[in-house]
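Next up: some structures, all given as structure tokens.
Both complexes shown next keep chain A, but they swap its partner, so chain B is in the first and chain C is in the second.
== the complex of A and B ==
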């Protein structure tokens, strides 16, 4: 099988996964108690004609399979209907919040990978030393700390004790007009949630980098390199690290779902106006269209990340069997 | 199976367990994990017994949102006041109880103060103070009475809240106006009339409710600041002797009337809720934080271990079945596992709990139904490699059925993985439950550590470190201890998988 066919197969498989996620999404929200009319009209007294009109408008009178096909069509065309709470189009609200979530996740992931890799390599280089021991135990503990609790402590220390950072929010109110000030304001608000989400991932990255490097150091080609007289540093960076890069790449995709969990909790703690906070508030209002849309987007992100990694893997690892 | 073989088996099992323990105790990480878990198990089992307060339902066991009692030793917290009952409810069970009170009354012959056997029985049992005004003999029949008690207040700072209790019953009010009042006098002699009432006619016991509660609007409105006033702070403004008294005045309106007016008073007391409480203080509603922590340990261990057990069992069964059967069963189950793996865990968990309802069993069910996929893949790959070994071939040649081979030969070889996975699945389940409760989707009738952190955010109590630190630290420590056990079991049971 050629590389092209392999990639095509992965893409097809991703569509199957997406279809499964969409179907599950449809079933779950059909199972949900209470019909949409009751939720939207809570507190209002609707005339029977109005109820009928709403049922017709949402197509609730049609058989399930017709509704299902219409749901698939509208979801794939990014039409998620209207929020029960704000009565705004869900698609627009999501697009407003998506950049904030991507910023938070991206920045924290970038720093977690950078620091985790650097310290992981150093710990593996100095294996058995005091540095190795402390960084491993710190990573283990930070890995086990509940994200939301870490967020609370951050707010306490950074916000109350030192008073350096804002306690919540994405931007000052009213937002500054000058674009440069605006960027600084955003970064100032991003610091604490970003640090929380960074610590959430950092430990895992360090441990993984360290263990893959140590594993690679047991391979035969390392023995060969050592026998050739390559310096220990050269062995580590030129031989071991290059081969340890592969699991690193795969792990980025594997980390994304976990990162989403962390982002939801972090955003809730810091009132960071992203998709996580949106999920939380949608649950408070039983806002089913919003939840349905968010669920689809989270699944989509995960599937796309998996696909990207599969493709990248196909390119960079010559050992892979298609 | 005869008894002797059974005993032999038992002995073999015991010696293997002993041998395992011998290896295990060499492992420092593992011992640390076991010790921590033992601590949490004991805490969950006996911790709740050390506090009789219910974690959810017992409100106002102390002042609301107050630090623990041992904070007294920290700088800046020297003036903490414990819960006090300076004027006890004596119940007036016998005539001698009257002597503990100072009674001043107008010296009319027709007015007597005695002990009565009748009392508010549901409160403190029989017995009460009886004041009776006999209007048969004399023409002018008015009387005033003051029943008081002085107590010393040795703290320079005020209590968080005070409440007083009183129950009374009046008879024969025809032609008499009866006025009751509760008064507190501070160290400087300032009088605060906290409660007063005119009684037109009343022949049943009043419920011994909080007649005066420093948190109630009615009491706050006595002071110039109105709703913004804190009566406890205004009245208890310094150390000294305070006086608490009950007063009653009988006024004759209709001189023709000859009825004897009787007033019974019972359950007279004042209670001060302090600015510190117990081992870990109190939450927003004056509930015991220690008791919440202890009950939370029970919840976390229960949810964590049960969900881990269920999900590992599902993973084991699916993995064994898929691995050994192969073919389309394998393909189908592994593809299904793949699909569940790409669905983000927390959003699905949140949505399912929001839809199914917030009960602890739903939480366990959903966590375990979403947690088996990873382990089933591990088991499957292990089974696939075991299947090719010669001993399985031999067993098959000897005529062993698939079920027999799976249970007798394959299962014992994957048990090592099962134990490790049991230990490493628990932290995930514990943090998942904590995250759910933190987001407000926990079981409202049960206290858990996540629920405590949820309350902290909900009531903006991040500064209350005595309340913030314990639940988070407990979640982290319990999770770490299970991870440690998982690591050390992995090192001991699966030495071939270990390359470090």
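== the complex of A and C ==
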């Protein structure tokens, strides 16, 4: 099969998968306990007529299949309706929060991959040394800690005991006007949640890089390379790393969706105004439109990441045939 | 003149269970232009011996003593870099069991051959190196255009040929072939042996062939070393050792192979009773004595018998060698 046909096939599969995810999102939230009307009605002390007006406005009186079709249409046109909670358009609220989440995830992922890979290679190279032992122990520890607990610890130590970092939020209030001061203010707020998510991923990267590299270093072709007179550096970075890289690429795709989970907890703990915190508050309110939109985006990210890796894998591993 | 001369080589593996004396006082000689076989059961130390010529031992493997003189130079005294640049592949190259995983799966075959050339003659151009790589492939009967493919696209026999082509890339004086035909079917084995014989004659190669299959060695070698439990127990010209084995182990090893010529032996297989010794704690005295039909009290006592010349260019390490058939 040619590469083009393979990619087309994978894209088609992705659409089918997305459709299933969409349907599941619709069912899950309607099966979940909690009634959005009740939450809003009791919170705002609405009269019975007002409640009925609200039900009609949100279209909840209609049979489920009609709601389902309307939901599909609104999702696919990227118009997610209005939040039950804030009554603002969901699309706009998401776009407001998306950059914050991308920043938090991007920065922590970038540093986790960089440091995890570099130290993982070094630990594999110096296997059995004190460096190897300490970095593996630290990685296991930071990888095993739950993010919310680590986050609370960071706030307590960094924010409360030493008072070096803000306790919560994305930016000072009111936000500084000078753009440069604004960037520093954002970075200052980003530090603790970023560090938390970084530690959460860093351990996993280091351990994986180390073990795949060690596995590759025991292969016969490494002995061949050494026999040919390849230097230790060449053996490590050319012959072993090129092979160890393959499972790592798969892992990036699997880590990004997992990172979203980590982001929900981390953002909530730090009141970081991103999609994670938004998800958390939407769950509290049984805010159907918001939840559906967010879970649709999470599903989309997961499916697209997997698609990209499948295609990239074909380029970096010559053994993959289409 | 001796191309390679190993004296009293000791290679030990340091494991959590203790010290494994895989090679324990081995003397080994390769004369220029000859090919020397090294045979023995699995775990007798023959691969360790082969790897130690290029200092390619696993991390826990240590060369504990002995010397390796190559073309008159003590190459074990070279520093790491000198050894890597001047000895490895340039003077001594190695044919690994290429049918399995000896070629890197993510690089093209011609690039892997060209890499070997680049490492030892850095001034060549890339195009020249690739041209040489393709010539080498042609020499081992592979279509040169196949060089652009990856190892997984090669058959087992082709991979082994590519491995041979790679071993010849830097015109080495000595080629070590570790199980060059193992894991291949007999037809391919035959083709590879013909190829090795042809290359040996064309390029006047000196070779060390390591195999558990002494019939392969009989086809390829001028001399034969028999290794048992980390020591050489017999060596001599191939015909002498085969037709007139003086060590009881050699005799047992040869008898385990079926023959089509000798009508009397055709119907029965002999075998060597017992199992190879644990090299963590080898038996005292002659290491073969627990399995030897001719063992006496002297064999059970230290020291282990040394190799002695029993007839011209035929050495055996045994207190009670088998009788001379001639």
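Simple rule for what comes next: the second predicted complex is superposed on the first by the 284 of 322 C-alpha atoms of A that agree within 3 Å, B and C clash if a C-alpha of one lies under 4 Å from a C-alpha of the other, contacts with A are read in each partner's own complex, and residues count from 1 in each chain.
Note that in this section a contact is a pair of C-beta atoms (placed from the backbone, for glycine too) under 8 Å apart; a residue touches a chain by one contact, two chains touch by 3 or more.
Note that the structure is predicted; figures quoted are calculated from it, not measured.
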item	value
Clash-or-fit label for the pair chain B, chain C on chain A	fit
First (chain B), second (chain C), both or neither touched by A:117	neither
Per-residue touch tally on chain A - higher for chain B or for chain C	B
Chain B versus chain C as contact partner of A:225, first or second or both or neither	second
Which of chain B and chain C A:266 touches, first, second, both or neither	neither
Touched partner set for A:243, first chain B, second chain C, both or neither	second
Contacts of A:215 with chain B and chain C, given as first, second, both or neither	first
Chain B versus chain C as contact partner of A:100, first or second or both or neither	neither
Shortest CA-CA distance in Å separating chain B from chain C in the superposed model	12
Where chain A meets both chain C and chain B, residue numbers	none
Residue ranges of chain C touching chain A (in the complex, touch as defined)	51, 54, 56, 84-85, 88-90, 93-94, 96-97, 100-107, 115-116, 119-120, 150, 152, 163, 166
Sites on chain A touched by chain B in the complex	17, 20-21, 24, 28-29, 31-33, 140-141, 144-150, 152-153, 155-156, 160, 211, 214-215, 218, 257-258, 260-261, 264-265, 268-269, 279-280, 283-284, 286, 291, 294-295, 298-299, 301-303, 306
Residue ranges of chain A touching chain C (in the complex, touch as defined)	219-221, 223-231, 239, 242-243, 246, 316-319
Of chain B, residues touching chain A in the complex	338-339, 342-348, 350-352, 354-355, 427, 431, 434-435, 438-441, 450, 453, 456-457, 462-463, 465, 468, 471-472, 475-476, 479-480, 483, 499-500
